[in-house]
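Note that chain A is present in both complexes that follow, paired respectively with chain B and with chain C.
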Partner chain A sequence: MTALTSTAALRETMGGHFHALGDAAVHKSAPIAWCTSVGPTELLRALGFEVFFPENHAAMLGAARTSQRYMPVVHAQGYSPDICSYLTSDIGAYLTGETPLEAYGLSGVPQADVLVFNTNQCRDVRDWFEWYGRRWNVPVIGVRSPRALEHVTTDDVDGVTKQIEGLIPVLEAVAGARLDHRRLSDVVRASRECSDLWEACLRTAAHRPAPLTFFDGTVHMGPAVVLRGTESANAYYRILRAELEARVGAGTAAIPGEAYRLYWDGMPIWGRLRALSTLFEEFRTAVAASTYCNSWIFPALDPAEPLRSMARAALELFIVRSEQPKERYIEEMVARYDVDGIVFHDCRTCPNNSNTRYGMPRRLADRLGIPTLVLDGDVNDLRCFSDEQARTNIEGFVEQLADARPAATRRVTA
Partner chain B sequence: MNYWTGIDCGSWATKAVIIDDDAQLLGSAVVRSGADLSGASARAFASALTVATRARSEISAVWATGFGRGSVGFADGSRTELDCHGRGAAHYVSGALVVLDIGGQDAKVIRLDDGGRRLAHRMNRKCAAGTGSFLDEIALRLGVEPQALDGLARAATEELELSSFCTVFAGTELLTLIRAGKRPSDLASAAYRSLINRVASMDVFPGRVVATGGVIAYHPTLVRMLSEKLGSEIVVPPHPQEMGAFGAALAARDGAAAVGPEATHVRT
Partner chain C sequence: MTDGTRVIAAGVDAGTECLKAVIVSADGQVLGRAVVASRGHFEACAHEVLAAALDDAQRDAGSLAGIGATGFAMNCVTKATLTSTDAACHALGAFHHLRHAMTLVEIGGRDPHVITVDDAGRRADARSVRKCAAGVGSFLMFTARHLDVSATGLQDLAAAGERPARVSSYCSVFSTTEVLERLREGARREEIALGAMYSIAERIVEMGPLDAPLHVCGGVAEFFPGVLTALSTLTGQPVRAVPEPILTGALGAALKVLEAVGVAGEAQSVEAVR
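Here is the complex of A and B:
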């Protein structure tokens, strides 16, 4: 894997985010809101909150594989091993008194003054936040989103807009400030710019060879998740975009000798991110694009109508849609990134982000004429993942791609 | 004439075969894999050479397959067992096929087009249900060798049900049935039915089905019951347990495309 030099700026940007949260927690310099990853973060920032994203924290626990220690602690409290392993990892870490944020000077996760969810992705985020709400006796508020939408209707947008508007009095009370609508508009403008920059970065992978992979994306998407709506996120993505465009110009490949290109649907397997990245590289296969990294692209955001566009952005997301628009979306990505096949991750504890369970992989294989592979695993719970089975599945899949090509065009030979 | 070797380093057994340019099987061997996969591969290879009455120096190439394929240090190349079972089955049976391989630790469904090219595959989840390990567990509970299950199942008279969801719970259910005085033959048959239900739910099985793997080799009654369940004839090719190794030997002979570094070992 050809390392991106922007990684140094990424570390600095993410470090700044965590240090700011630490300052807010220790010195009470700003109120702290917890927010789900695609929740109404722009509203929170406009009200002056420092915003913490526990999904990002849970992903850190998964990547460090410490989640294996924490999940059983929560299972023992009556939370099923079959529910979101982000939830069980994060709460387990809290109960154990450990966090990777110690590396940024925090002694624990920053205690929330309010927790704000959007159930557009799943119900688990609400259950997760309510656990902390009970613990700290702070408000837990949010958007109860419609789901499985074939079309995003005006009524849907009206309903979510009203719900977001309904959050404002509670948030103003917690923040001790009135919402400045001009500031909100500025934050939404910055958030939209972040979305556009991030999309531009990801779209460079449409070039052959791809200058970045899904595995790079899962790391470099950090600012788009936790800092969208801020200039620091945008500054970072200008750096990353410049590097990726330079790579495209120079023909620099993320995967040297790129022979095959794939699309990834579903959650990352955080505890095996490096292993899987290395495995695909062994097979000279670039996982060029993914639904997951694309999920922080919000083309609907519009500073001219901030709240309504936030509602629309939250509803247009892939995860909120029914099978038909999801299939159309993946079909469009397959064409855009010119991939040879699709890998679906069936994430054991995240059914809402597993598009394998109602026949989609086979329908798409039949319709698009490219092979699909289903990998069994989990976002954080490695008990649901087998290294050997994954290796054989992936290697066998690449063999299939190799055999489908005429011998003269094969770029790798024995 | 050139000679080719395939070695299938599986979870339970390591198989080696020697073939010639015409894919005639000249010799084969099966040894326990144990914890020393490299040693097991060497022993299987040596035994197969002895049976084939060939010397090591006469072998043009050795290809490995199976979960331990990366441990066969003397292999010249490797392919997954998905490829090798499909390749071997397509050698014996022409036309579009569904290959069902039931091994010690996993089960695979491999779909081939009428040219023998792989269209898709499915593997079992991270679970022993539907694999040879399930039958090992049941045999242990019944106090018999796994191979003895076939003779028992053949004499079954009562249709009993065992869960196909979890090997451990199936074992518990078995104890309940034992306490209820059920006959070992009916319990063995129930174990087969459980395994069959699990693999039958992995995919659809249109057209001809070819069954390979060690479970198929040692449990002909299971094959008959599987055929009844799927409503189609099950073709069992010669030496089904060695089919992966045979496919690896064919890959060696045919110079299959390699896709990873393990496939490019240089023989020393």
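Here is the complex of A and C:
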């Protein structure tokens, strides 16, 4: 894997985010809101909150493979091992008194003054936040989103817009400030720019050879998740975009000798990112694009209509849609990135991010004429993942790609 | 293209329960075959099973054009000139016998696979069971122990069972506990043996789709035909074993060697992309 030099700027950007949260927690320099990863973060920033994203924290626990120690602590409190392992990892870490944020000088996760969810992803985020709300006796508010949408209708957008508007009085009370709508418009503008820049970065992978892979994306998406709506995120993505465009110009491949290209649907397996990345590289296979990394692209955001466009952006997301628009979306990505096959991750504790359970892999394989592979695993709970089985399945899948189109006949421009 | 008239090749399928070896002639005729229990000594067993197959074929190792290896411990077949995945080898081996596209269910000692084989003998798709041992041949070995019969005796018991006792857990450990529960409740051993066969078949059905024609290979098909009967009952379609089902993977690995040396087509092993 050819390392991206932007990683140094990424560390600095993410470090700035965590240090700001640490300052707010210690010195009470700003109120702190917890927000779900595709929640109404622009509203929170416009009101002056420092925003913490526990899903990002949980992913850090998964990547560090410390989740395995934390989850049983929460299971023992009556939370099932079948529910979101982000939830059980994060709360378990809290109860254990440990956090990877210690590397940024924080003694623990920054305590929230308010927790704000959007159930457009799943119900688990609300249950997760309510645990902390009870613990700290702080408000837990949010958007109860419609789901499995074939089309995003005006009524759907109206309903979510009203719910977001309904959050404002509570947030103003917690923040001790009135919402400045011009400030909100500026934040939405910055958030949209972040979305556009991140999309431009990801789209460079449409080039052969791809200058970055899904595995790079899962790391470099950090600012798009936790800092969208800020200039620091946008500054970072300008750096990353410049490097990726330079790679495209020079023909630099993320996977030297790229022979095959894949699309990844579903959550990352955080504790096996490096192992899987190395395995695909061994097979000269670039996982060029993914639903997951694309999920922080919000083309609907519009500074002229901040709240309403936030509602539309939250509803148009892949995860909120029914099978047909999801399939159309993947079909479009398969064409855009010119991939040879699709890997679906069936994430045991995240059914809403597992698109394997209602026949989609087979429908797409039949319609698109490319093979699909289902990997059983989990986002954080490695007990649900078998290294041996995954290797056997991936090895067989690449062999199948080789049968269909031998590497020697492929156009390799690296 | 090599002069194929005198070429012979070997295939070794190094599975979790057994190692299997096959010697084939250039036209794909099986000249020799052998099966040994793995006993956890994969390298030694690979040597042993290959020697036994050569002995059965009345040939020596020097006459081999190559050795193909597949299976769980394929990397322990130190003399292998080629490795290929279970799915590809079982697909090729089954196709060699049957000569048509099919859904192939491979049930060995570890996770079973449902393989879609195209009309050229290639795997078009392959799915494995979710992370759980309830669908594997080893589960039948545990069950036989609880019923106090040999592994092959389990099939004889099942054949005498009229109705399967319910053994339905997703987990093999819980399933073996269920076997004890059924015994405590007074179920006949024959019914429980048949229930264990149905338990395997249920896990396979969950891996679907299982489009016709449906064939089964692997050690379970060799020793436990009751599983095929159960699979046929559950799917409502005929289920047939591939000839010499325990040898299908080894045969496919040997055929891969023939492809590689140019006797039977071009090599398409995973090695090609490494």
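Simple rule for what comes next: the second predicted complex is superposed on the first by the 406 of 414 C-alpha atoms of A that agree within 3 Å, B and C clash if a C-alpha of one lies under 4 Å from a C-alpha of the other, contacts with A are read in each partner's own complex, and residues count from 1 in each chain.
Convention: a residue touches a chain if its C-beta (ideal position, glycine included) is under 8 Å from a C-beta of that chain, and two chains touch if they have at least 3 such contacts.
Keep in mind that this is a model prediction, so the values were computed, not measured.
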| request: Specify the outcome, clash or fit, for chain B and chain C once both structures are aligned onto chain A. | output: clash
| request: Mind working out whether A:Tyr86 is in touch with chain B, chain C, both or neither, as first, second, both or neither? | output: neither
| task | Could you tell me if A:Phe280 is touching chain B, chain C, both of them or neither one (first, second, both, neither)? | result | neither
| said: Under the stated touch criterion, which partner chain does A:Phe53 make contact with: chain B (first), chain C (second), both, or neither? | reply: neither
| message | Taking the superposition on A as described, I'd like to know which of chain B and chain C A:Phe214 touches: first, second, both or neither. | response | neither
| message | Looking at A:Phe298, would you say it contacts chain B, chain C, both, or neither? Reply first, second, both or neither. | response | neither
| query | Now for A:Val398: first (chain B), second (chain C), both, or neither, which partner does it touch? | reply | both
| query | Can you pull the chain A residues that chain B and chain C both touch? | reply | 282-284, 365, 371-372, 374, 376, 384-386, 388-389, 392-393, 395-400, 402-403, 407
| In the complex of these two chains, what residues of chain C are touching chain A? | 72, 84-88, 111, 122-128, 130-131, 209, 266, 268-270, 272-274
| remark: Touching chain A in the complex, chain B uses residues 67, 76-77, 79-83, 106, 117-123, 125-126, 255-261, 263-264
| remark: Contacts from chain A onto chain B in the complex sit at residues 282-284, 365, 371-372, 374, 376, 384-386, 388-389, 392-393, 395-400, 402-404, 407, 410, 412-414
| remark: Residue set of chain A touching chain C in the complex reads 259-260, 282-285, 346, 362, 365, 371-372, 374, 376, 384-386, 388-389, 392-393, 395-403, 406-408
